[in-house]
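Here it is, the structure, as structure tokens.
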Amino acid sequence: MNTTGTTVSVRLNGKKAEVRDGQTVRALLESLDLHPGMVVVELNREILERDVYGARTIHEGDAIELVHFVGGG
Amino acid sequence: MAGGETLDTPFEVGGHTLRSRLIVGTGKYETNEVMVDAIRASGADMVTVAVRRVDLDRTKEEGVLHHLDPEEFFLLANTAGCYTAEDAVRYARLARAAGFNDFVKLEVIGDERTLLPDVHATLQAARTLAEEGFKVMAYTNDDLITALKLEDAGCVAVMPLASPIGSGLGVVNPYFIREIKRRLEVPVIVDAGVGTASDACVTMEQGVDGVLMNTALAAADDPVRMAHAMRHGIRAGRLAYLAGRMPSREIAVPSSPTRGMLD
Amino acid sequence: MAGGETLDTPFEVGGHTLRSRLIVGTGKYETNEVMVDAIRASGADMVTVAVRRVDLDRTKEEGVLHHLDPEEFFLLANTAGCYTAEDAVRYARLARAAGFNDFVKLEVIGDERTLLPDVHATLQAARTLAEEGFKVMAYTNDDLITALKLEDAGCVAVMPLASPIGSGLGVVNPYFIREIKRRLEVPVIVDAGVGTASDACVTMEQGVDGVLMNTALAAADDPVRMAHAMRHGIRAGRLAYLAGRMPSREIAVPSSPTRGMLD
Amino acid sequence: MNTTGTTVSVRLNGKKAEVRDGQTVRALLESLDLHPGMVVVELNREILERDVYGARTIHEGDAIELVHFVGGG
Amino acid sequence: MAGGETLDTPFEVGGHTLRSRLIVGTGKYETNEVMVDAIRASGADMVTVAVRRVDLDRTKEEGVLHHLDPEEFFLLANTAGCYTAEDAVRYARLARAAGFNDFVKLEVIGDERTLLPDVHATLQAARTLAEEGFKVMAYTNDDLITALKLEDAGCVAVMPLASPIGSGLGVVNPYFIREIKRRLEVPVIVDAGVGTASDACVTMEQGVDGVLMNTALAAADDPVRMAHAMRHGIRAGRLAYLAGRMPSREIAVPSSPTRGMLD
Amino acid sequence: MAGGETLDTPFEVGGHTLRSRLIVGTGKYETNEVMVDAIRASGADMVTVAVRRVDLDRTKEEGVLHHLDPEEFFLLANTAGCYTAEDAVRYARLARAAGFNDFVKLEVIGDERTLLPDVHATLQAARTLAEEGFKVMAYTNDDLITALKLEDAGCVAVMPLASPIGSGLGVVNPYFIREIKRRLEVPVIVDAGVGTASDACVTMEQGVDGVLMNTALAAADDPVRMAHAMRHGIRAGRLAYLAGRMPSREIAVPSSPTRGMLD
Amino acid sequence: MNTTGTTVSVRLNGKKAEVRDGQTVRALLESLDLHPGMVVVELNREILERDVYGARTIHEGDAIELVHFVGGG
Amino acid sequence: MNTTGTTVSVRLNGKKAEVRDGQTVRALLESLDLHPGMVVVELNREILERDVYGARTIHEGDAIELVHFVGGG
């Protein structure tokens, strides 16, 4: 896996962001201090099962949505 | 109330049994503490939540699960904020991926000012979601024909409005609500428009299976006390419906005997 | 409901404290057993009774005291059936001579068809009885001016109608009831006209101190279940009044966040 | 007290009735099998205290009303 | 409307025949010109006026007779502003001394905030004035019993309120208004509370003989156009009452033939 | 009323100017004579007719054109009785082939018991007919979103119901009717549910452009007199809307001066 | 009748006023430029018929009310 | 045009009927005493313009609908 630490540009929750190229979703969540069980991840419009967070990696131009439950009626 | 419970019939939606006929939202409370206290006071066991992006700037902790225990409450995710069938389906799938249950409160809004549902897009989304195995509880207007089509589409509950979301106008058209209940087999849960306890009571007196509310609690001066009021109001309306009210008439009828008067 | 009790303020009439804001009549029940069960289910601690001749032919046992324990319930005798101030005063004196208390529900009817009160004769009788030391709870119409005069006459409670006795039409004129409550210092107890639980709830939401009903229970298909409904309805309305309802508006307001939507 | 048993006509709860002349109110109630504590007696428009039932007697033409509480709203 | 007139029955009060069932007040108009135009547009032939001191400082010409021709309109003087029977009798006598007619709109107010009538003082004043030969048109509340007593006192018309003076709430209690009309023989003219044309229409549909209004015209954005609206509204309600409305039912009934459909 | 006409604004639908804001049906009258008299009394210039098979057994002359002169009245054919978009389109084409005009009152019913419109099929049929050049006046329920879609589909008028066809319940949900009028650019004509003159008046006071009725006239005890009443009621409501009603308030406001009272 | 023109105090429509002693009601109305047919006069709580305006005179302490019709509902 | 007078079965306004083979629509309307201007003719689901009534002929098995305007709301 990539360790050089080169960064790539992605769209994270609608905003431009820089993340390590090839970083896994799990690593991303950890870096954001988000508990995997508390969020749902949509990568390029595909909803990810939690058990693939460790396998799926992030690359240039990816669109990532991290959602959760908030108060609503 | 203990013994009282036995006075009512069971209430089941999509195979899930609910102890309370009152379903409450979790939005718009001033603090999370008040929200939790109000929900507990309401006696509700099913609560609605919305699907939103995580606030990465973390201005504050928005995640409702930090305040509500999924073991204590059944989480009903909604698709609030969606204006197309596609968006609603997307939000429903995200909600299900959270892993709690297959239920979704389907909401496809047609207009920002009134927040009235787009029944055309709602029907389309309901069909898609039902096919995907969702247990769809569909928010709709008070149109019987659409309600029947939603039932045909496989919704486990149909949820007509009493009046617009957040309006607090109560049941504006009891005839339509009553007729929808008469004609559907799936549970009918009135969603939106209830403003105070008597609105909840009147709604239940139409014979519907339950009521869903949010603003009436969150926007009351004292949400917790209002939650107690709503719990009683829902129960009062339900029992009155089952008890069968006296006929109303324009002419008076004495409640004390007319015979036995003195000379 | 246990803890709930503390949510409300105390309710006192003429120096007597009542646990329940619901006062019920004892007339028109199919059987005495149903009457007693319904009254217990209603939670009422004050019940009204009428004064009538003993039926010497003893076709059946009419005496209500054979069924209601005066230790369990506070007996409020009425002057139902009286059409003049003189008759009402006579019945009130007979009731007091029974030796239970000095309270009387003053009722002077002005018309057989509507059973509407003769407020002119009622005011006259109220003055006489108050001077004789009675604690007068006066049944009247929804006229503020008469209510103020009854208070001046020394009544311990003023009891405006919601609608005609036995009509079940509910609160036809909430404005007048609300205004009477705003202006009087003695308790205002709405008497007559309530037909179902939501009527009781709406009545209490006007801010009044209590509700008196009879036919709504006795003439329901299931009086005992309706009594439970009324107990909840009264409580729901009272708590909603104290909680302060949300403002109602014609334009909708979302209950889920509008921000945090996906792209 | 009178024991001859001559009877007199009175109006009892609106109906003509024959009772022993000079009979006490208490005796009347007993003869009607009515418990004094359960009724109120009005004799010629005067409401009687219970403690006078034994003393007050009934005579020709008296109007007697025996009332009690019944179910009412 | 010409031919239309014959559709209605004649309307007579105290021996005086009126062409219009609408009686209007003359107060609170922005200008006297608007007042006169609005009154003409309303079609009313009886107008009410108040009795007041001449303003000796002559800041402006208040005398209504400088603007209304007593030959064109029948002047009905009121006792507005009086809070006792004595005052009302005094004002009525002053009004009669003006020499136009023996009619008086008796008004005895019981409370400044609601302007509700003191029916006790009103009844007392009505008896005095009727004995003095006045043709009393008595403003009262919607209490049937008081209305019957006012008729017995010799009033030539009884004028129950629809709702408080100047409130514009319309007929809050149609049951009571309808019952008053059913039971009285003298004309029943609803006075006060009408806010818009439909209120006037609904009022007439209860079967009453006429309506008296003032604020609904004077406080409309366009008093003259509203006066036209009221003229039509009164007529619409009267004719609908005479025509006998269709029965209303919850179940729909087709208005096109169900037979003759194609294959 | 003559001069009165100028008080209102012109009323145009699909390029056709109407003198009256009242459109009436031609069904369910006891005799054709009464129908014609009532329609003339109503002042309507547009009347609806249904498309049906010729009765070849000629039990009686059903053809409405034997009684109504197409020169005198504008014929608006409806698709009443149709339960699918296809049927409605077929009936509309047959109606247009009669050669009078391109207008059609589109009606697709969704349920026999309530005769409520199937808004989904109605929208589909509206699109087809608009593309074929029809001037579609679409009967629909009181749903704003559907109304907006019907306008987008090219309808020349949208016709929401006040309440179910033939029910005579009046405007059950004025909020929705008002909002539909606020938001649409094409004329909004309330169709179905009006029962008496005040219903027509209240409907027009919501600001809508017109009202269509049938049963309220045909089923009145005296259809001709009721037609006069409706003509006035429609006009009263329209003018009251334009005049701008007084604000309503719970507290009373005197209509006679408070100053100038005597000592 | 008095012609010296000494004045007296009266209460006129609730206000203290000075008028010529012995002045007639008619003269008072004229001095106030009020048409007799347009007002009603109450003198010391007695309503005056119009035909006595010329005869009735005003004296020290009299309470005079001059009323007319104004717009009212 | 056909003059032999052999008849054919058609469906006329939903009912089975016998008409002359090859008869024109106009002739049918005349035989039914219907004024062409008062009805609309649908032949086998095709709506006919009035000016073809004289040309279009009716044959075995045709489905004919003759409609007009009736009172409706």
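A, B, C, D, E, F, G and H are the chain letters, set down in written order, and residue numbers restart from 1 in every chain.
Please note the rule applied: a residue touches a chain if its C-beta (ideal position, glycine included) is under 8 Å from a C-beta of that chain, and two chains touch if they have at least 3 such contacts.
Since this is a predicted model, take the numbers as computed values, not measurements.
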Completion exercise
For chain A and chain F, the touch-path distance in steps comes out at 2
Handout entry: From chain F, the most remote chain by mean C-alpha position
Key = D
Problem - Separation of mean Cα positions, chain H and chain B [Å, integer] - result: 58
Completion exercise
chain F to chain G, mean C-alpha position gap in Å, rounds to 64
Handout entry: Averaged-CA centre spacing for the pair chain G and chain A, given as whole angstrom
Key = 97
Exercise for the section: Quick one: which residues in chain H touch 2 or more of the other chains? Expected result: 14, 42, 65, 67, 70-73
Exercise for the section: Mind pulling the residue numbers of chain B that touch at least two other chains? Expected result: 25, 27-28, 50, 52-53, 62, 78, 80, 114, 116, 164-165, 169, 175, 179, 214-215, 250, 254-257, 260, 262
Fill in the blank from the handout: Counting only contacts in the complex, chain E reaches chain H at residues 254-257, 260, 262-263
Practice task
Can you check the complex and tell me which residues of chain E touch chain F?
Solution key: 1, 4, 7, 25, 27-28, 50, 52-53, 55, 62, 78, 80-81, 87, 90-91, 113-116, 164-170, 195-198, 200-202, 205, 214-216, 218-223, 225-226, 228-233, 235-240, 242-262
Handout entry: Residue numbers on chain G that touch chain E, as the complex places them
Key = 12-15, 32, 34, 38-40, 42, 47-50, 65-73
Handout entry: chain H residues touching chain E - in the complex, by the definition given at the top
Key = 11, 14, 42, 63, 65, 67, 70-73
Problem - List of chain B residues in touch with chain A within their complex - result: 25-29, 32, 35, 48-54, 56, 62-65, 75, 77-78, 80, 93-95, 97-99, 165, 192, 212-215
